[in-house]
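In what comes next, chain A is part of two complexes: it sits with chain B in the first one and with chain C in the second one.
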Partner chain A sequence: MDLVILLAIQVLYAIASLALISVGLAIIFGMMRVINLAHGEFLMLGGYAAIVATSRGVNIWISMLVVAPVVVGIIGVIVERTIIRFLYGRMIDTMLATWGLSLFLVGLTTAIFGNTTVGISAPLGSFQIGAYRTSGYTLFVIGVAAVVLFGILVVLRGTRLGLIARGTMQNANMAAALGVNPPRVYAVTFGIGAALSGLAGAVLAPVSGVFPTIGVAYVAKSFITVIGGGAAILSGTVSASTLFGTINQLATFATTPVFGEVALLAAAIVLIRLLPQGITGRFFRRGL
Partner chain B sequence: MKVDRRRFLRGTAAAAAAGAFSSPAWAEDPIGVASIHDLSGGLDIYGKPMVDALTLAVEEANAAGGLLGRQIKLINYDPQSNMQLYTQFAQQAALKDKVAVVHGGITSASREVIRPVLDRFKTLYFYNTQYEGGVCDRNQFDTGVTPAQTVEKLVPYAMKKWGKKVYVIAADYNYGQITSQWVKKYVTENGGEVPSIDFFPLDVTNFGPTISKIQAAKPDFVWSALVGGAHISFYRQWAAAGMRKSIPMASTTFAVGNEHIVLSPDECNGMLICYNYFQDLKNPVNAAFVAAFQKRFGADYPNITELAMGTYQGFRLWAEAVKKAGSVDRLKVIEAIETGISIDAPSGKVTIDPPTHHCVLDVHIAEVNDKKLNVLEDFAQQKPSDTAAVCNLIKNPNDNQQYVIKI
Partner chain C sequence: MTDRTLNYLGLALVGIVGAAFLVLTPRFAELDVVLELTIYMIMAILALSLALIWGYGGILCFGQAAFFGLGAYTYAIAMFNIGESTMPLLLAIALPAVFAALLGYFMFYGRISDVYLGVITLTVTLILFNSVNSTAGPEFRIGAARLGGFNGIPGIPPLNIPGNKAWVVDLEGMFYLATGALLATYFGLRWLLASRFGRIIVGIRENERRAELLGYDPRAYKLATFTIGGALAGFAGCLFANWGAFVSPTIFGLAQSAQIIIWVIVGGRGTLVGPIVGCIGIQWLTTALGANQPSGSDWWTKLLANAPFILGIILIAFVLLVPKGLVPTLGDWGQALLRARTRRPATGLKPKQAEEG
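So, the complex of A and B:
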């Protein structure tokens, strides 16, 4: 029974971390149709922002939950203003441009920080479940994911900002005719997507360490989750993370991490074959 | 810039004068030594100390008058953790630079990429990393420790201290695969059991399910053969789950890339490791070496690693053989080594074992404690018995392969 509870926590954690690393991409790709191949590097930058701030004496919670998203959000707005805004509607071109950006960011961070893994110890200690122990930080990651997803729901559904964002993405010209400034909405949306990626990178930094090429480990999984989820940002991310996280974690526990990854990829292929539009292409169509 | 006749003449005259100045007529060309070690990319934590040690060894030899009256010229190549560049640089070193010897390769993969190239172009090759054993090639010398020298010592030591049930986790490539088989063999021979061996691709960072699995298996200790930057997160997650104090750990890969300095003491104190060299070894040769090293690279140099020492010893062994052979000719040097060459190194006496081209050397078990590696026990003059079981280059000089030893 203890093992079942422990496993349940691990599965929740897998779902939460998938949702966290994908939600920024879901906004940028799902809402704006920009294929952001530098997504992994946004996560990496978030990790570095948190670690640099913490080592300069900033409280660890502030550097993870405030500094990292703000820094990466600002970088996101700069990237949108200097690169992405010339490429809306040209998916392949955004792919090439952001791929170049990702190589540039990897090179830049290597030049600044070197190639060594850095990290901070996970705070919060550990706790006992019967005969087993697990880290308190696991629960914190699950909590952050829940708050982020709930926050997005509230913003998109309940606020004027969310309404304007959704409207602009659906029909920019109509929004402009109604007095909205679409370039500004695009920049802000891209910045929020980047900020959420930065937050995810920072929250996962104590667990996985940070090095310049860590983005590679994240980017494929986040694309799989977002594409598997389909068009709706929130319900897509949640449903795909739940499906893939559960499969990945249970397969890893039952066999080895190698088969865990294989199981995740196999599930993704089957899913895309059966539901080419992703999960929300058929289910939860009215969701956000 | 326009160059008129007068300026051209003046320029060439100056160049000729400078040339005459720097190379007196009686001096021969320097001896070329190539270094092919990753100074960038994922493996640079291992490569940089190796190149530093090699640089020091070459500078020391030159300061002592060079070899055979000739200076030594170190040619550094950085393959950037990229196998294709390894091939390219090995060819350049052999064909363009015509070096006397190549020191290089960190992973087994990079070694297996350049070994055939250097065989084909008849260029002597030293591989100075601790590895899984079994390479048998007359053109190559392996100065790092193999599992028979480290795993065989550390397994019984840890089992005596902690108990008989050993859970093995390893990196998923040939080092991890082969080393974990050795661990299993020695654990079984010592009357213990291995409930499971788990392999991890080099980029895995989520170890949560494995940590639960290890707890469910209730081993007496965990053996780690994890490698590289991503796998450091295992030690973090292990400590975060509060496991460091309840299940201890032993390893023959930890600290090779100075992981004990990257991690906090709370995340790795008490771990047992086993290598040929530790910076804290107490002997006069090592004291002089550490002083020279810190004078050259700074007193704040984090820690001189096992791999750096392997490279330093590799160069010294080669230089000794050249002196004995009186030549840098490849075959003459090999023959000189095969009479049995040995040096008094900072790690103790190191001798090349002629039939295997591996080294007989001292190994030490140490414990990680507050970013230091404290030596607990010494084992003198360990033979590479794993490779010796399959390889005899005196009997079969034409043998050329890596044996995967059946366990």
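So, the complex of A and C:
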């Protein structure tokens, strides 16, 4: 019984971390049809922002939950204004340019921070489930993911900003005719996507440590999640991370973490073969 | 001059330059230069494999490094188990080809669009990297070969003349082999692209729907192109494993995958000479950056010697400013110059860039 609870928490954690690392990418992809290959580096920058802020004496919660998203969000807006905006509608060129950006950022952070892993210890200690102990931080990550997803739902469904964003997503020309400024919506959307990536990177930094090439570890998983989920931001992210997170964690539990990842990939390839438009291309079509 | 004569002139030029390079280099260059040039030749074959499937087939493959790495690892593992290089060489071509065919079947018959294709191939590369990287323990072995995880596989035996284990290819022989293979690959691809098959894959790249309406099955043609590209990359991987007598998982790494794409972008999609030029230029630049490791610890001097940083800037700059790549852009300039000279009346029809090179 205890083992079942522990396993359930582990599965929930796998789902939550997948959803967290993917949601920023999903927003940028779902709304702007831009594949941001520098996504992993946005997560990495979030991790560095949190660690640098914490080492300068900022409270760890503030540096994780406020400093990291703000810093990476600003970087995101700068990137959108200097590179991405010239490439809308040229999907492959966007991929290539953001890949260049990814290399650029890896090189830059290597030169500044060196090629070593830095970390902050996870706060919140651990607690007991029967014969097992598990970290309280695990539950915190699950909580953050839930809050982020719920927050996106509320913003998209309930606010004027969300309405404008959804309208622009559906038809940018019509939105422009109605007085919305699509370039500004794009810049803000890209910034928000980047900020959420920064938040995810910072929240996961105590678990995985931070080093300049850590983006590589994130980027594959988040892409597979977003593509498996399809274009709908929320239902896509949630459904795909639930599916892949469960498969990943159960395979990890049965074998090793590496085979967990391989199982995730294999599942993703089969899924895309069966549902080329992703899960939300066939199911939950009316979802966000 | 007609396009046809120009075409033959170009072919002859490449042949003469290649043959001269092949014969003269080992005679006049130092051994370390020959060694360096050999790796450029091997990488140029890899560049050509992507030039075929991306530049002509229109298949954006971010994972060409996967086939390259698979070829290198297959050769290494087979070599330790078999000891005579004929079979390992063939396996190093066949296994990546089979892998490409399986992956390609999933992607093309699933009708996955370009962008998704790029992401999937990239992911496959990363997963291969992760998998191989974690095989450091002694329990990970295939026959007599230990996989070695992040330590890689050292001491890979070199190729030998088929049937004679004692007669192995030495450093200079490797240069001849790699250069010869590059020339053969170039002319082979020229022939392939001039054939019916080549015309059809370019047609599919230009307009898949139209090609399909004409009765061709784009999925089958794309699969064939992808498989040939995979085999070629695997062959380059085999030569690479020979060159350094060493492979490690970085061969599957993101940096490696990125480089191949950058060679093709910089040189020019839709040409064969372009990717070779791009490859050799970028390789030379990377080596030069690596050789000039600064003694100072200023972060900006470190930055200028940092290969990903410089490559990233090059990639962004080319995508934004020179999207066609060097060789086609220079070709355009040359043609404009020629036209200005001869003042030929404009026909309104531009010659097709895609089928030259």
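FYI, the second predicted complex is superposed on the first by the 288 of 288 C-alpha atoms of A that agree within 3 Å, B and C clash if a C-alpha of one lies under 4 Å from a C-alpha of the other, contacts with A are read in each partner's own complex, and residues count from 1 in each chain.
To be clear about the criterion, a residue touches a chain if its C-beta (ideal position, glycine included) is under 8 Å from a C-beta of that chain, and two chains touch if they have at least 3 such contacts.
Predicted model, so just to flag it, every value in this text is computed and none were measured.
Colleague: Evaluate whether chain B and chain C can sit on chain A together after superposition, giving fit or clash.
Modeller: Verdict on chain A: clash between chain B and chain C.
Colleague: Where does A:Gly100 make contact in the superposed view: on chain B (first), on chain C (second), on both, or on neither?
Modeller: In the superposed model, A:Gly100 contacts chain C only, not chain B.
Colleague: Is A:Pro276 touching anything from chain B or chain C once the two structures are fitted on A? First, second, both or neither.
Modeller: Once the two structures are laid over each other on A, A:Pro276 reaches chain C alone.
Colleague: Touch check for A:Val258: first (chain B), second (chain C), both, or neither?
Modeller: A:Val258: touches chain B and chain C.
Colleague: For A:Pro206, using the defined touch cut-off, is the partner it touches chain B, chain C, both, or neither? Pick first, second, both or neither.
Modeller: Touch partner of A:Pro206: chain B, not chain C.
Colleague: According to the stated criteria, A:Leu108 is in contact with first (chain B), second (chain C), both, or neither; which is it?
Modeller: The second partner, chain C, only.
Colleague: Of the partners chain B and chain C, which touch A:Val216 in the superposed model: first, second, both, neither?
Modeller: Both: A:Val216 reaches chain B and chain C.
Colleague: Touching A:Ala268, do we find chain B (first), chain C (second), both, or neither?
Modeller: second
Colleague: First (chain B), second (chain C), both or neither: which does A:Tyr13 touch?
Modeller: The first partner, chain B, only.
Colleague: Of the listed stretches 25-33, 43-51, 151-159 or 169-177, mark the one in chain B with C-alpha atoms clashing against chain C.
Modeller: 169-177
Colleague: Both chain B and chain C contact which residues of chain A?
Modeller: Correct list for chain A: 110, 213, 216-217, 256, 258, 261.
Colleague: In the complex formed with chain A, which residues of chain C make contact?
Modeller: Residues in contact with chain A: 60, 62, 106, 109-116, 118-120, 122-124, 126-127, 129-131, 134, 253-255, 258, 261, 265, 299-300, 302-303, 306-317, 319-320, 323.
Colleague: So in the complex, the part of chain A that touches chain C is made up of which residues?
Modeller: Touch residues, chain A against chain C: 35, 37, 83, 86-87, 91-93, 95-97, 99-108, 110-112, 213, 216-217, 219-220, 223-224, 227, 256, 258, 261-262, 265, 268-269, 272-274, 276.
Colleague: Using the touch definition from the top, list the residues of chain A that touch chain B in their complex.
Modeller: Checking each residue of chain A against chain B gives 3, 6-7, 10, 13-14, 17, 110, 114-119, 121-122, 124-127, 131-135, 137-138, 206-209, 211, 213-214, 216-217, 249, 252-253, 256-258, 260-261.
Colleague: Going by the contact rule set out above, which residues of chain B touch chain A in the complex?
Modeller: Interface residues on chain B, with respect to chain A: 40-42, 44-45, 172, 198-201, 203-206, 208-213, 215-216, 229-230, 232-233, 236-237, 239-243, 246, 262, 264, 266-267.
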